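What follows is a set of structures to go through.
Here chain A shows up in two complexes: once beside chain B, once beside chain C.
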Partner chain A sequence: MKSLDLDLLGYLHLLKVLAPEAILVVTALVVLGFGLSSSAERMRPLLTRLTLLGCLAAGAFLLIYPENAFLQNGMVVLDPIGRIFKLAILGLSFITVILSAASPVRRHFAEYLALILFSTVGMMLLAGTEDLLMIFIALELTSISLYVLTAYHKRSAASAEAGLKYFLIGGVSAAFLLFGLSFVYGVAGTMSLRELAVIAPHLANDPLMLAGIVLTLVGFGFKVAAVPFHLWAPDVYEGAPTPTAALVASGSKVAGFFILAKLLAIGFGSSVGMADWSQFRPGWLPILAIMAALSIVLGNLAALVQSNVKRLLAYSAIAHSGYMLLGLTSANVPGFTAVLFYVLVYAVTTVGAFGVVSIVERRRGGSQLQDFDGLYKTSPGLSLSLLVFLTSLAGIPPFAGFFGKFYMFSETLAASAPGTNPGMLWLVILAIALNAVSLYYYLVVLKHVFVAKPAHEIRLKAVACAPVIGALALAVLLLGIFPNVLLEPISNAVTAYTKEIAKPMQAR
Partner chain B sequence: MTDYPLLVIFLAIAIVFPLIPLALAWAWAFFFSPAKPGKDKGAIYECGIESTGAAHIQFQSHYYLYALVFLIFDVETVFLLPFAAAFLKLPLAAFFALMIFLLLLVEGLVWAWAKGILQWK
Partner chain C sequence: MILNATFLSAFLGVLLVLLLPRRFEMLSRWLALLASIAGFVFACKAFAGYDQKSAQHFQYVTQIPWIKALGIQFFTQADGISLVLLVLTGIIAIAGVLFSWNVTQRPRAFFAFFLTIIAGVYGVFQSFDLFLLFVFYEIVIVPKYFLIAAWGSTNREYGAMKLTIYSVAGSALVLLVTAATYAVSGAHSFDLMVLADHAHIVFPASFQVWAFPAMFLGFAVLAGIWPFHTWAPTGHVAAPTAVSMLLAGVVMKLGSYSALRVAMTLFPQGLEQWRNVIAVLATIGILYGALVALAQRDLKFVVGYSSVNHMGFVLLGLVTLNTIGLSGAVLQMFSHGIIGGLLFAVVGRMIYDRTHTRDIATLGSMHLSKALPFAAFTFTVASVASMGLPGFSGFIAELTILSGSWKPFPLLLIPTGLGVVVTVAFTLRALQGSFFAAKADGPPDPAGHHEPFDPITLPEKLGACLLMATTLGVGLYPKILLDPIMRSFDSPLMHQLIREVASK
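For the complex of A and B:
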């Protein structure tokens, strides 16, 4: 291990690289401080604005500080791809805060905002590290904040149940992850992903290394809600306050998939393995393939029978985790680029969908399918936004979800060597078939919105977050038509990154 | 790499070892001892005396908040001790870094205090 000694300049440099996170922490502390005053209830708008300002300042700093950094042997990293994801996470938290401004959370609002900021810091650290220990700590910072946020409806039994389930299952998954990482550290003797990439080829068939990889994947499987580690997701999505659910579904998924991709590509790049029956080799690829197949099948089929839209979105999220794991089975640079693009598109779409649900829930008192009856009559703008989000999730052109899925599936197919039997063909066929199934349950929601007679005649009042939802819908549409706006920066950043790491990912 | 089969053998022995006396005891009981359960025979022995009253008493939830706050400051000491031991050899920057760490904890304490967590109700 290299020396961790830092002089004053070293600390200043570290602070400069981590300034966005530091800004968020300071904002959270200030918000907490304001929340202590006796008139905290009346200060809700001020607190919200302060939080939004903090997010904006952090984002602005990320944009104007162009220098790349590699500090403390990879504990803190700042590179173009990490910067894109940090900005995306900040944006998602920004939207979550806007959604929270009118949320049913009444008491301890300052703490609610502070916890959102803390979990954002965790996700951003996750996007900017190449160290096993930092990955674990950042993941825990994110998760623990999210556990509390999930249980934030103090009077709601469902929220408490969801929080407890999320906490217990998340705790177990953290134990698996830590156990796996400790195996990897025990065999390889290093925490740094890049050093691991150099050492790992000698350990490709070491049983302890493989056990470490499996345990790590189990831990991440919990975090990204892949079958068979998905059981917490429906309850959490349904029981949590809707803005929290939006953050769990978008921000934590973005950060989780980003670091999972990084871990698989660099750290475990030499233990890919083979999922073909004929030429099976142990590694992470067969595990991912199985988890992807199960998630796609179970997520899509279970969503068919849901009557609560938040629960439906949860099963849809499980299915989408499956699609993204499928993308990771490509195990090459274009495939990973496609996954990174898709996870961002998915996050934008899903946060928008949860935004619509949160407005409906607030005005009509529930998120059952019946509560969406005749939404089009009373608020057409909101309904059209929901149409955009759900059809994008179903993967219908011209929305971003279509392009993202198409790109991901085609890169997965293209990953196999030319002339040989495409290894992941069966999985892609399965995914496309069940994607057609998924169209049904999205359309059921839309049927309630556009066709069913409204039970409520009350017009939904215009709310502050409506423009944001409209903007998200527009973004989903534009990203579908001009995907290059986002794809090109990601692709360039990934290419630059692959050039930068000493040993490129092993070709299949 | 070559050590792993040995570990598997150890594991097998470790599983079989406690099973043999258990099986012997079970066989002995099955063949030689008649079943005559009684009040005293069925009593829990070697595990303390029989409990009186329900175990479902209510704790003050305040107790946990106290314990949590205590835990954080207890752990803080663990970080402070090596810092104090190496104080003279540390650069100035390390001093500032630890002061920031302490400030964060102090803010936590102030917050807990203002929220009335330190008041026993």
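For the complex of A and C:
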């Protein structure tokens, strides 16, 4: 590994590339400072605005600074695809902050916002690195902030339990990940993904390399809540303050899948393996295929019997992790493009769904199915938005979730040349069958919203975040009708990126 | 463009209805009526403007690239089959709005969901890109659920969920084959014309042999193929009147139309292998539907099972694979759409909303032919048409199907003929039992009604007259529909299908 050789100019360049993250950190510190004052409670709106402003500034900087960068042997990179994902993460955090403004978090609100910003910085670093160590550090920054955010309801036992569970399981998963990465480093002798890509073909059958891959995937399995490493998810989604749950479900998932895709495509690209029916060969593909199959089955079936909407969304999130892992088993560029498109669509949809849940929770005091009874009567706009989010999650057109799923399934099938060889057909059949099952539990929620008689006739007052939720619903609809708007940039960026890494090392 | 105006007007209707302020919510039915009439006018204009002499079988072509990553296009056009079904959709939409004029509970949501279904149906009948077709096909599912679960009657939540689960299971099969089609063909296209043209090259026989039954069955579930028909009676019975009319009138046709347009043209080799199985299932449906209808005590269930019976004819007609039988199948889709809609309108709106019972014996004790003469008249016309009496559309449709299936399935004609006889029996039984019972020998009327029923309203009369005139008109002059339909089977696309399979 090269030593850090930075002169003043180098530092300036680094600062420019990392300016968005720096802006967020500064904002977080300022917010923390304001929080120290005695009148912090009255400053809630000010703090919220400050945080939002920080996010906006970081996003604006990303947009006006379009130069690509590859610094310190890949420790910090900035490229079109990374920029799209950093912007997406910023957007999701932005919405989370808006939801937080309406949340029941009363005490230490400044610290709450600061933690959201810190975890955002972690996710953004994750989207902008190609270095194993940096991946680990960024993941930990994200996770540790999220542990605290989860346990933020100080008076709620459920929140504390969720935080503890998340922390313990997350800690174990971090250990797995670090162990796996150290194996990979030990065999390959490099931290850089691109150097790994050059060396790895010679190590494709090295048992230590394979062990490293397995351990790494176990670690990521925890992070994206794939079965059998999903046990934390239902408790965290249910117990955590709803904005936290929204961030866990959206931002952290986007970052997690982005870096997982990058790691698999570049770093482990040569140890793919095979997961065709009855023809398994070692590599990362069979592991993903099994995790995908288990997540899809267990997530969808367990969701059927939930009576709490947040818990139901947690199991649906597990199932969706399964679909996205399925997309990754295509192991080719179109398939990865499909996954990247889908994870963004999924994040937007989920954050919207959690937004609706948080409003209902605040007004009706819970997120059980009964609390949604007759929501349509009291707030039709919110109910229609929920209809859009949930039917999109169920994969019903014309919403974005449908096209996303269809794209992933088609590309996964196309990747393994069916007709001659059934390839991943078994997994796609499983996914489509259980996706049909999933409509049932989404419809149960919607039935409570549209059909059931309201138990109490409280009219939900218009809340600040209602327009945001409406806009998200509109986005889900429009992305379903005009997916090109998002797909073209992603697809172009991925193509550019593939060309970039195909260049020989010396050329850079 | 005129084709796209059909579903665009319906979507515009949805938007306007949703934007209505709460105070003016009763205006929503006028908006819905307006949107339906607009769609109908566009469909009729397209039908009238279709040039039968032209060498182009497909007209009104709109072809725009949509999603480049998968080669998906926005591709709509129409031949005679599409146009006939588009006109049917327009008629059913207008009649459906007229028969739901009395919906006072949340009318905005009701008509928004209603028009969404109409838009989806219009879309399916003109899509020639597989992906686009599937999108429209799926749009119909969720609104159906809410219309039944929220505005329905008997056992509505059960009926709604059952119907939805069947539809979704069917679509899952279609979705699977659609994704596999993309993967197998390698053509980077969902263009039905291109794929069907090269079906033999791009779809190996080993693929067709499982893809065809999966896709055909996926669509045919919606068409009520036996033994996957059980959603139909419960769903029809649970649904509010307008939705029963939509289900029987057009939604079931989505299944049979798509089975013809997609499954059969894309996988001719698979069709050849599974043809006999489908014919047998269709025949069982005809006979079984009729026999079960004969045993029902609930008038709406009688009509519900009669749908299974009539759709059996459609499916049988499809697999005859000759021009006569296929044209008969399409004509039967139109004919049953009108007649089924009419029957549900009488039973659900005119009778049940007034008497609050559908029990045939109880109805018989109410002297309905005197109390509600218009309802009795309409039901008589609908029954006669449904039995297949000459002069109505059902006669000519079923006759062509039977003559079409004479050659390929001579043995099946015996059970089918029996089915026709039983159809007459159950229809007469329902008609006589509920409207013209000689004396009131049924159980006493539970409501103990003495006050007269509300008179039949003007919207009901208008809707009923529209449907009756259509079935009579088509029955007397079937050429108007049969000519464009038969010509459509001359198009290279269909011609290839007929020749391929029939020659072997």
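We adopt the following convention: the second predicted complex is superposed on the first by the 495 of 508 C-alpha atoms of A that agree within 3 Å, B and C clash if a C-alpha of one lies under 4 Å from a C-alpha of the other, contacts with A are read in each partner's own complex, and residues count from 1 in each chain.
The working rule: a residue touches a chain if its C-beta (ideal position, glycine included) is under 8 Å from a C-beta of that chain, and two chains touch if they have at least 3 such contacts.
What you see is a predicted model, and the numbers here were worked out from it, not measured in a lab.
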Joint occupancy of chain A by chain B and chain C, clash or fit: fit
First (chain B), second (chain C), both or neither touched by A:L32: first
Touching partner for A:P207 - first (chain B), second (chain C), both, neither: first
Touching partner for A:L8 - first (chain B), second (chain C), both, neither: first
Touching partner for A:F450 - first (chain B), second (chain C), both, neither: second
Residues of chain A touched, compared between chain B and chain C (which is higher): C
Which of chain B and chain C A:P66 touches, first, second, both or neither: neither
Superposition-derived minimum Cα distance between chain C and chain B (Å): 40
Common interface residues of chain A - those touching chain B in one complex and chain C in the other: none
Partner chain A, residues of chain B touching it in the complex: 1, 4, 91-94, 96-97, 104, 107, 111, 114-115
Chain A-facing residues of chain C, complex: 18, 66-70, 106, 109, 131, 134-135, 138-139, 141-142, 145-146, 149-150, 157, 161, 164-165, 168-169, 171-172, 175-176, 178-180, 182-184, 186, 203-204, 206-207
Chain C contact footprint on chain A (complex, rising order): 334, 337, 376, 380, 384, 387, 391, 396-398, 402-403, 406-407, 409-410, 413-414, 417-419, 425, 428-429, 432-433, 435-436, 439-440, 443, 446-447, 450-451, 483-484, 487-488, 491
Partner chain B, residues of chain A touching it in the complex: 5-8, 10-11, 29, 32-33, 36, 206-207
